[in-house]
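Chains: A, B and C, in written order; residue numbering restarts at 1 for each.
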């Protein structure tokens, strides 16, 4: 076999109409999100759907989704550097860029929803090391630094062959990071819907599914608007990865509820989410499990349906399902009242003992979408100024054996 | 470049529009004999004094009320024509007079009241706070439904 | 209904409280007990030789009575904006009903001033903290308004300032974007005065609340807790609240 020529990495053509249109739309959404944040901060949180009962709302759904997806988006790079699958190498830098961008978008939403976002400096200078939240601040900042170094190793010709070290470190860090994010909920001992060690692995599985889905969408979009060939060899692998991660997420989500249901004290909250929780039950079964799990699994696993279009569609569904799942976890978990007096029915002026109402307000949703837009803006900007992606990802260009294998497998299918 | 020029223009306009160019502020007179320290010291260090006190009061319960923010307000508050102390929304407020001039934002009053505390009608001794023997004076058994 | 059927326990509890108070000058009931609980000089720090606490006798707490709640609002300057879902409540009356028997109880709920406060554990900046004397507070100078403490509090004791506030009580500075809760009237306690709710409960209610130092054998609260069964809410969480309840 002839020696394969080095792949040529190139910036995106920032002068293309599609790119420009996308950039303007994203910038617009980001600015709207900023405006929404300003409005909420200026008026105070009473203009949102959040209350003293449901203290974390839509911004947290988006922020947690994005932060979780960020660590998952790095997975493609990890597969190449940590697990030595060289076929992923050409798309590894994009995966790291996306990870950074998603984390930035998620953190922006989280920070802009603080009661005192002007005191961000306080959060960076006063640490209570017992707080898992403070640990997360360190994990997030560390993630930026580590992934940047990793990215530099991957993109510098002289350091390229050494990138497995930083890659492995980034991989371990991201696992700890998602453990930390899951533990924000897992450590809430008083809340029946949370307080469980399964939250950490659940969040890791979620991160892999959401991050891979967003990565697939970004890759397909970039290749489409910048007219870069994208072979089946890569997308087939991503498809299988997505299916595995989606299945793992669903498995752990069910495990979360089964574990809780075994405990007499938690039967009610499980029943609330799974059976009689109204919007939460609908979101769990209809969107998270139906649209976000079963449907994409079918789209990715049924051979007849394989195409870039179905892969894109499946990824969109995984993102929607993921948002629904995050909503059910965060809002649904708070909607369920705290049990202060087991065995008693309680009533008070402070909404004790009843299912809490929450209706997301428009500014909250706009802020969340603004976070998405910021993440994608960073990706677009990064790709426009630096060489993150090869000009071609056609099978023959990224894997010399691909063509041969593909032909063989097609023959095999025909023979069967 | 154009952006920078526009930015500078806005900045200059902003400064020009501020009243601070009118000269040093007239510091309102305070009540009381003398402050905690000499005026020069107070001017330079009041913020560190407040910050130090703030943490001691908050975390250790060291009230030392003679040199707290409330004491500042008691002596320095400026009254309006009706004799009522003005709040931080008024540019005559003693904090604002200087802070506006120095263009330093003061955010104490996001939470703290910017007016001195209205004195309670009577300051009762500690002992009177607890009702005399509430538990004894009340009949041990009340008739059903009696209110 | 059964609310007034006085049990020997209740009678005993009150007697114990009254008995210990009788040792003191009239009216000097709890805080102003002999030497150890004089108001601390105002230039000294609190220390762990005291552990402030409350004892609530739910047998005495009247369902109709909200004297403690009103007194708290007055003392802390909690002026509601007519938005019950977002207005702050430091103390609230909770009505309990046992579904099978119809047994009812009414009691005030507020920050339980835990010795292992989950709010302080989760606070990223250390704004939620426990003072040496056991009072749990929010340092609103460094609170960033993340509300994680509200997620973590087992007692739903905290509120978030959802809107701009004006004319705050001088003793309770509070502002938009920070979390707040019962301070056990730290400003009064530091001056040697009982919390506003306790004062009101004795003046207007039926004297169901006792305040004092849970470590001081001379304080009525300590004597009552030593002699009668009291319970901690969510004792399973081992937060070790400074607020004890009798009668539930």
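To be clear about the criterion, a contact is a pair of C-beta atoms (placed from the backbone, for glycine too) under 8 Å apart; a residue touches a chain by one contact, two chains touch by 3 or more.
Since the structure is predicted, the reported quantities are computational estimates derived from the model, not experimental observations.
Across the two candidate interfaces, B-C and A-C, the one carrying more C-beta contacts is A-C.
Seen from the C-alpha centroid of chain C, the farthest chain centroid is that of A. Note: centroid distance chain A to chain B, computed from Cα atoms, is 46 Å. Per-chain Cα centroids separate chain B from chain C by 27 Å. We define each chain's centre as the mean of its Cα atoms; on that basis chain A and chain C are separated by 43 Å. Multi-chain contact residues, meaning those touching two or more other chains, occur in chain C at positions 176, 178. On the side of chain C, the complex with chain A involves touching residues 81, 83-89, 92-99, 105, 109, 118, 120-127, 142-148, 150-156, 158-164, 176-179, 233-234, 237, 248. Residues of chain A touching chain C in their complex: 41, 43-46, 50-53, 55-56, 114-117, 119-120, 122-123, 126-128, 130-134, 137, 184, 187-191, 334, 338, 340-341, 343-352, 357.
Touching chain C in their complex are the following residues of chain B: 54-56, 58-65, 70, 87, 110-113, 115-117, 126-136, 138, 140-147. Note for the complex: chain C touches chain B at residues 4, 6, 11, 14, 17-18, 21-22, 25-32, 39-40, 42-46, 64, 129, 131-133, 137, 139-141, 165-170, 173-176, 178, 186-187, 190-194, 199, 202-203, 206-207.
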